[in-house]
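Both of the next two complexes hold chain A, though its partner changes from chain B to chain C.
Right, the complex of A and B next:
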């Protein structure tokens, strides 16, 4: 095996993995605050990408204005979704909450496509498609930008969790009954976590929309996002970043080995296998808390 | 009113453990059964084949998922994969020359074996993590189906189903297909109705409510979980096989994708966990209403003289389908079965209202 080729696979895998982390961070934010597994994150990402497109291409705003504006709109949407749909289900069995997020996902996807149509559109961020060579290693520029955004968001959230509001969110994640009793508005905190996850969805939507085009396939990234979130521990943002890198490397290097053996397309298989093995061996993930109820 | 309890006395255990304790319930069931029998003579064949038939088969499938999710309390997001196993094994068996009666049973048994694999995940984790594992298993199964031409039928990835023949009769007419689906749905319904009267059903409910409490009562929760998965997978397998044999006529991997798993789970939850009439209502709502709304929107926009994009029209059913799930869960998280139960409870003591809680 050629070492340069292998490290190229690993580095590009890690960069792709950091893009999965963009997804996983959104999932983790919501799970941390309210123990809700947000399977609608794929739908939210799609909406985020389409809103950016609608503002920039249809309304003619420049991208640097369209993206923050879209983030503001999605902030409101996330807040609204929590207020209307999720708050009334608080305390219900997980199967209903799961179904609610799945229903939201289907609804968001259907509505987005009904409004803007299903043909794939491009984001046109203006990042050059020319390959970038680091020594002998070929790296895709847009993946590098995306990885930078993921790490930037991670740092931003680390700082945010040190602020007053962030500490409130951490308290809610820790024990919402106790938070309630000291006067923290748990409802507002959970709503805020949904709003922040929706803002993260804009970032994921923009980067992934640039990579693979803005269409329905954006919501299919959910399985990878979920796997990253579970592998890192569903309530750890650091876990989401580290697990993203790990999954990206495993996926890229592993599929290179496996593809010739099974005739291609082994990426999905590797991701599913990682998810199953994580849940079977270490359900709380790499950095998650140990309070998972086993049978 | 209709559900009057007056004059209904259960003086011995046999009468107290009847399936229908209230005469009105029994009459309603008999009425629905007779309507189902007479449907081919009452409905035009378009409605029979494109609405009634899929409704009945999906109801049978949803009842199977209800057994594992509603009764045994185990989340299952890989149900379509189990249906696919049944469908493909039955059709391969039938193509090989096995009579259809046995082919269907082979399909069911093959599903049971694979479905029990899902149960081993359930032995280790539960709740959200079980849902994620079964979801991942569904992806693995999808991958196996699309990547093995020996199973999925070559380059076009579709497998022609041979002519359905039961008890020596070739079944080719619309009415025939309908009665096959009707018969299977009735069988599954009778099984599910009886389930709550048996020790098995009570054991499953005990496992659902609290598995270690059940263990203290002497219920082996491992055994009953595997049993629940195996039984529901058998129902899934036969339903999947019948779906292909009487409705699609052609098996393709997309018919059993993740979206279908989510759809069956939506049917069960919208219908109500553990509710049999709820499963019927849930399937009807999820399967039929989105198309209906689409028709209304298309017709309405035409009569109003508005132009609606073709692409918009194509995606409206999906949006409606998602909205239905959200709305039903907001109105009544326990589903349509519970809504029906509320009405029934109210009528039971009408004109008084002491049963209302």
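Right, the complex of A and C next:
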């Protein structure tokens, strides 16, 4: 085995993994503030990418303006989703809310299909595809940019959850009733978490849209994002980042070993195995909170 | 009938009815007055409607699909029957819900921060926290450990402290003594009395532990089957023979030669 080749696989795996983290941070945000796994995060990411495209390509705005504007629009959409779809479900069993988010995902996918059609469009960020060599190791520039964005968001949200608003969101996730009793607006808190997750979806949508093109397939990122979030522990942002890196490396290095043996397609298998094993062996993930039971 | 002329009550509830799910009548015309700066107790057995009464006042009924279907609730003269829970907290009503539900995955310090009103400045918040830690020194010692691992008494103290951060004018507590050792109940009730006296905070206390509650309150209401069946000063209630028999566990020694061989009914129920 060539060590340089192995480290190239590992580094590129880690960068791809950070892009999964970028997606998973959105999931964690909503889970951390309302204890609901958001199955619509894939749909949101896809819509985020389409909104950027609509503003830049269709309306002709420059990208530096289109992306922040899309973030603002998606922020509003996040609040809107809480108001219209989720508020009446507050306090109901989680399973109903889960089904609602699944419904939202299907709805968002259908909506983009109706408005923009199903042909894949390119994002055209303008990041160069010239190979970038770090020593002897080849890395992709867009992956490097995406990894940087993921780490930036990670730092921003770590700080956010220490702020007063962030603490209130964590309180809401702990106990809706107790939050209401001390005057915390649970509705607004959940709305804010959806709004922030929608902004993260714009970032993930732009990067992933650049990498694989903008179409409905973007919403399938949910599967990998969910794996990363579960492995990291669903309510831990640090977990999402660490788990993303781990999954990216395992997937890239593992599939390089396994693909020749099974004739390709082992990536998906590795992701599935990670998800299943996490749930079986360590259901609260690497950094997730335990349910506290006092003896 | 004692007609006492009092200052305007901080809270007045007039013949309030509460319906759950539009079918179940949980309280049937409850009227309760809390005079400003006083401590009042709502006594009664399980399922009598005490918690429902508190939730009607704090606005937490909505979360359980209940609503006030008749009557009115006035706080400092304003009708707040249909108001949202968070607006009532802003007005100065805070409800310490049953079962000391602290935010388990937050530290005590973060629990207090979470309850701070949005507009409260950083300096006011830290002054408020220090005041609460002064009332509950045990909390100060454990301010940075996870609240889920605090003892039952500490969690109850935290739940009360968390309510105090909202700077309530009326503090409502639902069974703060539940499941706590008697010495802890005495400690917590002592602190409540102190807060009531030092800050002039009105307190509405729901208790099954009538013995402990009647020691610190000035007036009590007895609720049975969703109705107020008795109301009087703490002394009057303590000396009432029915209260003694049903809620205080007898009073004086019993002469077993004369003991009645049927169980007495709570005659106000029929």
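Heads up, the rule we're going with is that the second predicted complex is superposed on the first by the 287 of 295 C-alpha atoms of A that agree within 3 Å, B and C clash if a C-alpha of one lies under 4 Å from a C-alpha of the other, contacts with A are read in each partner's own complex, and residues count from 1 in each chain.
We take it that a residue touches a chain if its C-beta (ideal position, glycine included) is under 8 Å from a C-beta of that chain, and two chains touch if they have at least 3 such contacts.
Note that the structure is a prediction, hence the values are computed from the model and not measured.
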Which partner does A:54 reach: the first (chain B), the second (chain C), both, or neither?
neither
Which partner chains sit in contact with A:238 here, chain B, chain C, both or neither? Use first/second/both/neither.
neither
Is A:272 in contact with chain B, with chain C, with both, or with neither (first, second, both, neither)?
first
In the superposed arrangement, which partner chain does A:85 touch: chain B (first), chain C (second), both, or neither?
first
State whether A:139 touches chain B only (first), chain C only (second), both chains, or neither.
neither
Between chain B and chain C, whom does A:258 touch in the aligned arrangement: first, second, both, or neither?
neither
Chain A residues in contact: does chain B have more, or chain C?
B
Under the stated touch criterion, which partner chain does A:69 make contact with: chain B (first), chain C (second), both, or neither?
neither
Residues on chain A lying within both footprints (that of chain B and that of chain C)
292, 294
So in the complex, which bits of chain B are touching chain A?
69, 75, 121-129, 131-133, 135-137, 139-140, 142-143, 146-147, 211, 221, 262, 265-266, 269, 273, 309, 311-312, 314-326, 329-330, 333
How about chain C: which of its residues touch chain A in the complex?
58-60, 63-64, 85-86, 88-90, 94-97, 101-106, 110-111, 113-117, 146, 148-149, 162-163, 165-166
Chain A - residues contacting chain C, complex:
90-91, 164, 167-168, 170-171, 173-185, 289, 292, 294
If you look only at chain A, which of its residues touch chain B in the complex?
37, 84-85, 88-89, 92, 94-96, 98-100, 102-111, 113-115, 117-119, 223, 226-227, 230, 262-265, 268-269, 271-273, 275-276, 279-280, 283, 292-295
